[in-house]
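Take a look at these structures.
Shared between the two complexes below is subunit A, which has subunit B as its partner in the first and subunit C in the second.
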Partner chain A sequence: MLVAAAAAALITFPYWSAPWASRFATTVVRDALILAIFALSLDLLVGRAGMPSLGHAAFFGAGAYAAGIASQRLATDQLPVTLGAAALVAALLALVIGVLVVRSEGIFFLMLTLALAQIVFAIAFQWTAVTGGSNGLAGIGRPMLGGLDFSAPDSIYVLVAITFVLVALAIWGLTQAPYGRALIGVRENERRMRALGYDTARLRLSAFVLAGTIAGIAGALSAYSTRFVSAQDAGLGSSVRAFVTVLVGGAGTLGGPMVGSALVSLIERIVPSLLPTELRISNAILGLVFIGFVLFARQGMVGLGRFAWLRLRRR
Partner chain B sequence: MIEVRDLRRAFGGVLALDGVTLTLREGERRAVIGPNGAGKTTLINVLAGEIPSTGGAVRLGGHDITRLRSWQRARLGLARVYQRTELFSPLSSRENVALAIASRRGPYRVFGAPARSEQAEADTLLERVGLAGREGMTVHALSHGERRQLELAVALAQRPRVLLLDEPTAGMSPLETARITELVASLERSLTILIVEHDMDVVFRLADRVTVLHEGRVIADGTAEEVRGDVRVHDVYLGKAVTVA
Partner chain C sequence: MSPELVFQQALNGLSFGALLFILASGLSLVFGMMDVVNLAHGAFYMLGAYVALSVVQFTGSFWLALLVAPLALALLGLVLEPLLLRRLRGRHLDQVLLTIGVSLVIVDVIGQVWGREVRSLSAPAGLDGSVALVGGVYPVYRLFVIGFGAALAAAMAVVYRRTKIGMLIRAGVEDAQMLGALGVDTNRLFAATFATGAALAGLAGVIAAPVFGVQPGMDTDPGLLYSLVVVVVGGLGTLSGAVAGSVLVGPADTFGKVLFQDVALAVIFAIVALVLLLKPTGLLGRIRIAR
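And now, the complex of A and B:
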């Protein structure tokens, strides 16, 4: 009930906030939700299956480009076509990269995903004929669903918010199901999982493809929202940003990537405007916050919250 | 049920297994004993498929499994209990067992909680190994002895045809050892068991036959009584144990 109410409130945010909030607020929340979807997908790997990927932006970027290119080349704004193209291209890319990386672990997995994602970035940056190269892909149409038009800023927000709710519910369901338990098993003791009869390489690959597909959907939403795709969307900075979001929020939890994206958005979009011009260095602030969490609160904001809650109850 | 022929495993220049041959019929309970470094744990690891062999062949119920990976062997009915506890620490006892049960139906069930029947089956198994009342506790909260009991429950949850036990009583108190021993003794007679064990009381209580390994070779193989009387076994193993004691 509470969840349904919160979801409804979130989806209708632009309408009830209109009297007191600016359009800017809607934009900030929209981008935070896209980051949250992206971070939720990465957390499937980092938090659940224990696969620390530093190349997740490759799939976000692939989805963004696929949605943009599909809408331009096929001259259609129909959501099933462009979003479907985004999910499909991201899934295929994740399958190809996944086959190469899922057998490695820890730091090797991290470096391999980083290196392969950099190749994707280089392709996006250089293949000007298709991706627009360093100019990016501009003028992407806002999507339509049949006759339903999502071109107004408020309606694109609603599309993003609905997708966010659906993704969060799907991931929550997944983690309760045998599949989610199996991913935790792979994270905790892969050798034991194999002895139990689990084909862990395939299990890891399935998680990698699933996470990549969701990241691709987040990328498409980003392309619809900003009407622009840049090679940076697929770059290392974007991967690191998602990674930081997961860790700052709390890896392996449903709430973690959500509150993480709220905090990151706050630091990137709101905090700089409160600071004197020469201190508007959101990346440095984000870096400091990240270091603080890594040193003092490994479980992220969710962990801090749990700790505070336990303290309060003990009183 | 299990046929091992001329099994070899070299680590660098060291032959941990130097041509081991042994056959277990269905339902047989076989103990493998031998001094430290005899190759007992290597034998279990090679049989389970966690370490590839460098020569020889293994058959399970007529299938050649020499080239199969550990998860494929597990699917064919091979389960093992590790010498050191290998469990899923943040999960509860019930969830640990449920993971083993779920492996039989495959992991690609993405919606809905595990079936009620699987939960019930897990609880039944936990009760059977003496962990009733511990279902919701995480592995962290269990004592060493209880973790060993849980290991056994997890292995049994796979419904194996062959159970490999690597020192199931290692580090246990005499009371816990007795409990685990009786537990293993009470398992279905159709289950084939290969047990590596140091505790001779446990060996003689459980095993139909005993195989003695020394430097990667089988030096004796027979009923418990026969092995007890074998002079060479006394030399390399039982005798030493007595002297040390």
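And now, the complex of A and C:
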């Protein structure tokens, strides 16, 4: 009940906030929600399955490019086509990279995802004929569902918010299901899971492809929102940003990636407006905040919240 | 391709490989000793290049820069290891995460101090010309890079095999904890290792500056990306692995760019994939990075 009310409030944000908030607020919340979807998908790997990926932006970028290129080459604005292309291309790429990386763990997994994803990024960056190279890809079609046009700022926001709610529900459902429990089992003790008869390599690969697909959908939403795909969306910076979001919020929780994306958006969008314009240090601030959380609050903001709540109750 | 072009590209590939060796040897050393993949290694490399830029600007001496930049980076490493990594001793993945944060901070600070434009540094007098080689002219500085990389590899091999420090390194790579139990001060050893890794990254930055450029983004490409590829392909934690990886990846990348232009990196992707599938320890490594 409470969740439904919150979801409804979130989806209708631009309409009830119009009297007192600027259009800028809707844009900031929209981008934060896209980051949250992206981070939720990464947390499926980092938090649930214990697979610390530093290459997740490759799938975000693949989705963004696929949606853009599909809309241009197929000359269609229809969401099922462009979003379908995004999900499909991201899933295929995740399958190719996944086959190579799922046999590795921990630091090695992190190294390999970083390197392979960054190579994919560099190819996209240089393959000007297909991706537009360093100029990025402009002129993305409007997202249409039948006769419904989602291209106005408020309606694109609604599309993003609905997707966010659906993704969050799906991931929540997944973690309650046997599949989600099995992933956590793989994280906690892979040998025991194998002994119990689970095909753990396949579990890890399926999680990698699923997370990649959701990241691709987030990428497509970003392309619709800005009507542009930047090569940077697919690069290491974007992977790091998602990783920081998950960890600062709290890995392995549903709320973590959400509050993480709120904090990261705050640092990226609001803090710079308080600083002199010649000071462009939002990444450095993000880095320092991240270092602080890794050193002192590895469970993220959700973990800190739980800790504070327990302390309060004990009094 | 004409034979002259092949020869010239082979030299280009070797000089890139020599640079990759300087870069990757530091990453490999730190991993071998501390089990930490330093993701700030690319940022250290970038910082080395920018420090060199300033030293040359103020003193006019490239050779002074070649000394000062690695020292500055070593100092930074000496500060960062006890300040950050030591607090999480034994938690290797979290230590790696710390280096991500360090990298974010360093790159932004560089942008703030030196600006975000593409800069250039010219080769020092004497090395800025060209020589005639096999029916073409070839820049002397690139030959210098090859020679420097080879000399450094030889020097490191001697230190590794014949000195007390080398003995400590070999023992530390084998089992750092046991070394501590035997009475070696591992705090000092790890700080010195991290500083040496940073110094090597800084050294690579100076050496790279005249040919491979000084610009935003160099921390990732070639910095971190290529050093990771070299250690994955060659093998982590061994000197011979770093040599093998760079000698293979440097030329492969260069010829890939000539032959396939836009999709050149697919060659590197294929090499990494093949090594992972067929030889998960890397060509000359001992640590399995995949099952």
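As a convention for this text, the second predicted complex is superposed on the first by the 311 of 315 C-alpha atoms of A that agree within 3 Å, B and C clash if a C-alpha of one lies under 4 Å from a C-alpha of the other, contacts with A are read in each partner's own complex, and residues count from 1 in each chain.
Throughout what follows, a residue touches a chain if its C-beta (ideal position, glycine included) is under 8 Å from a C-beta of that chain, and two chains touch if they have at least 3 such contacts.
This structure is a prediction, so every number in the text was calculated from the model and none was measured.
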Room on subunit A for both subunit B and subunit C (clash or fit): fit
Cα-centre angle that subunit B and subunit C span when viewed from subunit A, reported as a multiple of 10 degrees: 80
Touching partner for A:Tyr157 - first (subunit B), second (subunit C), both, neither: neither
First, second, both or neither for A:Leu112, with subunit B first and subunit C second: second
First (subunit B), second (subunit C), both or neither touched by A:Asn189: first
In the superposition, subunit B vs subunit C on subunit A residues touched: C
Which superposed partner A:Tyr179 touches (first subunit B, second subunit C, both, neither): first
First, second, both or neither for A:Thr128, with subunit B first and subunit C second: second
Partner chain in contact with A:Ser104 - subunit B first, subunit C second, else both or neither: second
Subunit B and subunit C, minimum CA distance [Å, superposed model]: 13
Interface residues, subunit C side, partner subunit A - complex: 35-37, 39, 84, 87-88, 92-94, 96-98, 100-105, 107-109, 111-112, 116, 220-221, 224-225, 228-229, 232, 261-266, 268-269, 272-273, 276-277, 280, 289-291
Touch list for subunit A against partner subunit B, complex: 173-174, 176-179, 181-182, 184-185, 188-189, 191-200, 203, 206
Contact set on subunit A toward subunit C in their complex: 52, 54, 100-101, 103-104, 106-108, 110-112, 114-116, 118-120, 122-123, 126-129, 235-236, 240, 243-244, 247, 279-284, 286-288, 290-291, 294-295, 298
List of subunit B residues in touch with subunit A within their complex: 48, 50, 69-71, 74-75, 79-80, 82, 86-91, 95, 98-100, 102-105, 107-114, 154, 158
